[in-house]
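One chain, chain A, appears in both complexes that follow, with chain B as partner in the first and chain C in the second.
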Partner chain A sequence: MTDVKFIIRTADQTRKAEVEMDRSSMGSDIVQAAVDNWALPTDTDYSLVNISTGKSLVPSQLLDENFVKPGDILEVQPVLVAGT
Partner chain B sequence: MRWQDQSEVPALPPTAAFLETLSMPDAVRLGRLGNMAPRVVISSACFEAMIAHLAASRDELGGLLVGQAYGVDTPQVVAVRHCAASTAFDSTGVSLRMEADVWNIARPLLGPGAAIVGWYHSHPDLGAFFSDTDRTTQRSFFRQAFSLGIVIDPIRREMRAFIGPDCVEIPPSNMMIHGPSTFFQSAAE
Partner chain C sequence: MSFGMEPAARYLRHTLIDWFSQDDVSSARVGVVGAGAVGNEVLKCLALLGVGAIDIYDFDRIEVHNLTRSVLFRETDIGKDKATCAAERLRELDPNIKVAAYPGDFWRTLDLDAFAGYSAMICCVDNFEARIRLNLLCRLWGVSLINTGIDSRYAVVDTFPFSQSPDAGCYECGLPPSVYQRVSQRYSCGGLKKIAFIEKRIPTTVITASLAGSLAASQALRFGLPENRASRRIFADSIAGTSTSSELPQRADCPVCAQYRAPIQITRCRGGLHAALAPLAASETTAEITLPEPVIMSFQCKSCGLAQGQDKPLLWRAADHDAGLANCAGCGAEGAVEIEIRDKLAVELLAAAQQVPVPFVLSASDWGTQVFVLGRDSNNDGR
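Let's turn to the complex of A and B:
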């Protein structure tokens, strides 16, 4: 499999990384890498969106050319919770 | 996998850049509060939109705040210019889960001089305070020194704001609404 190089960032755009991953990787691998590298909470639900195309990537989605092209910007978006 | 972090600590514009947008009396008023805590200046259009949004339900509602923080070493002013209301959510009178799409709603509002500066939500008839859950969310996803968390009780007409990952409360006297006539008023009044 070939690698694809893309940009990953947090939804508030305060963290950014250039990432190169095998195209056999899945959306969940990207989210996990962001959680690991940026010490994001593990008990949170995240969505992954390709900002360049506007498409969401589900956890099982492979990084094939239909979903991630070189140079695309992907965003890890947390679900926010509040409560009393 | 190769991971090359490119994160940068955002450099804030000086407070003078914000003061220059105000009339002289308003700028003087902003600096004359008698404390060094950050000032929170919410545009009247944003404030009215937030109130209208949160008053629409007796269940909790919320969204994101877009604006600009100012200050060289520490945030001295946080200007809130827009709110992005969450439209995909699950909520009750005591809980709120905002789906990730709220970030997509806020993104078109971002650009040069406009960033995510925090989040807001309601506590209908419960009073405006930060719960343990609220603090965890603030600490987890609003980690900048200027990040705001605003809580509004639209029924009791209360509002509190908390800043930074440690959720330090902003004195009510430091919260202001900035209207088109550049009239300031304390949000606590």
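Let's turn to the complex of A and C:
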């Protein structure tokens, strides 16, 4: 079990934190931690983007070396469903 | 009938842009699903750019509260259907382009025989289910897709270049599991739509709608370029003025990409479904056919025994019914009716059916996917 330290922020960049998570965590675990810790609206769904690599993290993606490197910035973005 | 001014003069400024090919734009055929806030802005851009053929799909009618976000609609349009009204306005904007309106649910009105001819589909709807359906169609038919979404601050535009990269990540590749839970909240445990379900309304303005609309139109011009082989998401903040662009990779457990593998073969059931499925029915392996939407097979009242579909399945679209079907029409007992709903059927069962009320059916295996296109609006007689 190894940990990785990275930065997580909200899309409006008003919330930002350095976190350390186990590499066996999934993208959806990070989203859940952000929603819980920052009391983000729970009637919205969220996806995760690695701003440093320019890649979206799929929900089931593990935080392995290919996807998250130490110091990377991960942004929690709301899934936008409206259009009218 | 009005005739446009000389097209060369109209598009003269476009031709001065080195990366802009008016010929390509004028020969493009783009379908837009949803003529609401984002749809209006997308359609406005496509028409002003001179996109040669634009098809508009929308089931809805214009209401007064749409007018703050709909550049194509007027107060005098209230009550008209959105697709037809938007089409009329686009023809006024540019009489040189061909615009067609398809009022109704695109899932029912789309001509699947002509679907592969689209240069791109642009999804401007307001719910996950329609996005999931259009994504499936585009992924199977290899039509490039642009998905849009907004709220009161952000705009998102996803591009899926399926026509040049069949293995590009799809819309469902990036959907978090919470979305499926949210969608399922609209359905009763039997799988039928709940009778009284109050949809959460997300407020939006024309600011995010126009941001999404112009980004989507811009991306529609850029399919086919070598740098656009991967699926991407542009996420823009209308207040901070910032945006991110990220690659949307394919997900190994995607409900679409993992199930429907290449090569994808599309067959038109000209001689009816029975003839088309005959080779599958005759094969050694027991084939199961997947329907793209659930159907009601049978029902039975636990109280009075009233039953239908036991000997021959009903094959009714579940979407045409709601959870009220659980209340017995015979004895009136509430919630007493057990309903069997399925989206997978044995091939023999389906081949024997006279009518199948879905636009197409699928046979998926590790070696590839076969799509059997049925007639429109449940006419499976091979017309």
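In this text, the second predicted complex is superposed on the first by the 79 of 84 C-alpha atoms of A that agree within 3 Å, B and C clash if a C-alpha of one lies under 4 Å from a C-alpha of the other, contacts with A are read in each partner's own complex, and residues count from 1 in each chain.
In this section, a contact is a pair of C-beta atoms (placed from the backbone, for glycine too) under 8 Å apart; a residue touches a chain by one contact, two chains touch by 3 or more.
Note that this is a predicted model, so its numbers are computed, not measured.
Applying the stated clash criterion after superposition on chain A shows that chain B and chain C collide. In the superposed model, A:Arg15 makes contact with chain B only, not with chain C.
In the superposition on chain A, A:Val58 makes contact with chain C only, while chain B stays out of contact range. Within the superposed three-chain model, A:Gln77 lies in touch with chain B and with chain C [touch as defined at top].
Judged by the touch definition given at the top, the superposed model places A:Asn37 against chain B, while chain C stays out of reach. In the superposition on chain A, A:Asn50 contacts chain C only, with no contact to chain B. Once the two complexes are overlaid on the shared chain, A:Ser28 sits against chain C while remaining clear of chain B. Counting residues of chain A touched by each partner, chain B versus chain C, the larger count belongs to B.
Chain B is struck by only one stretch of chain C after the chain A overlay, and of the options 25-33, 169-177, 205-213 or 331-339 that stretch is 205-213.
On chain A, the patch touched by chain B and the patch touched by chain C overlap at residues 11-13, 45-47, 49, 51, 75, 77-84. On chain C, the positions that touch chain A within their shared complex are 34, 36-39, 60, 66, 69, 124-128, 131, 148-151, 153-156, 173-179, 182, 200, 202, 204, 212, 233, 235, 237, 239-240, 242, 244-249, 251-253.
For chain A in complex with chain B, the residues that touch the partner chain are 7, 11-22, 25, 29, 33, 37-38, 40-41, 44-47, 49, 51, 75, 77-84.
Residues of chain B touching chain A in their complex: 1-8, 10, 60, 62, 86, 94-104, 107, 110, 115-116, 119, 121, 123, 126, 131, 133-134, 136-137, 140-144.
Contact residues of chain A toward chain C in the complex are 11-13, 28, 31, 43, 45-47, 49-51, 54-56, 58-61, 75, 77-84.
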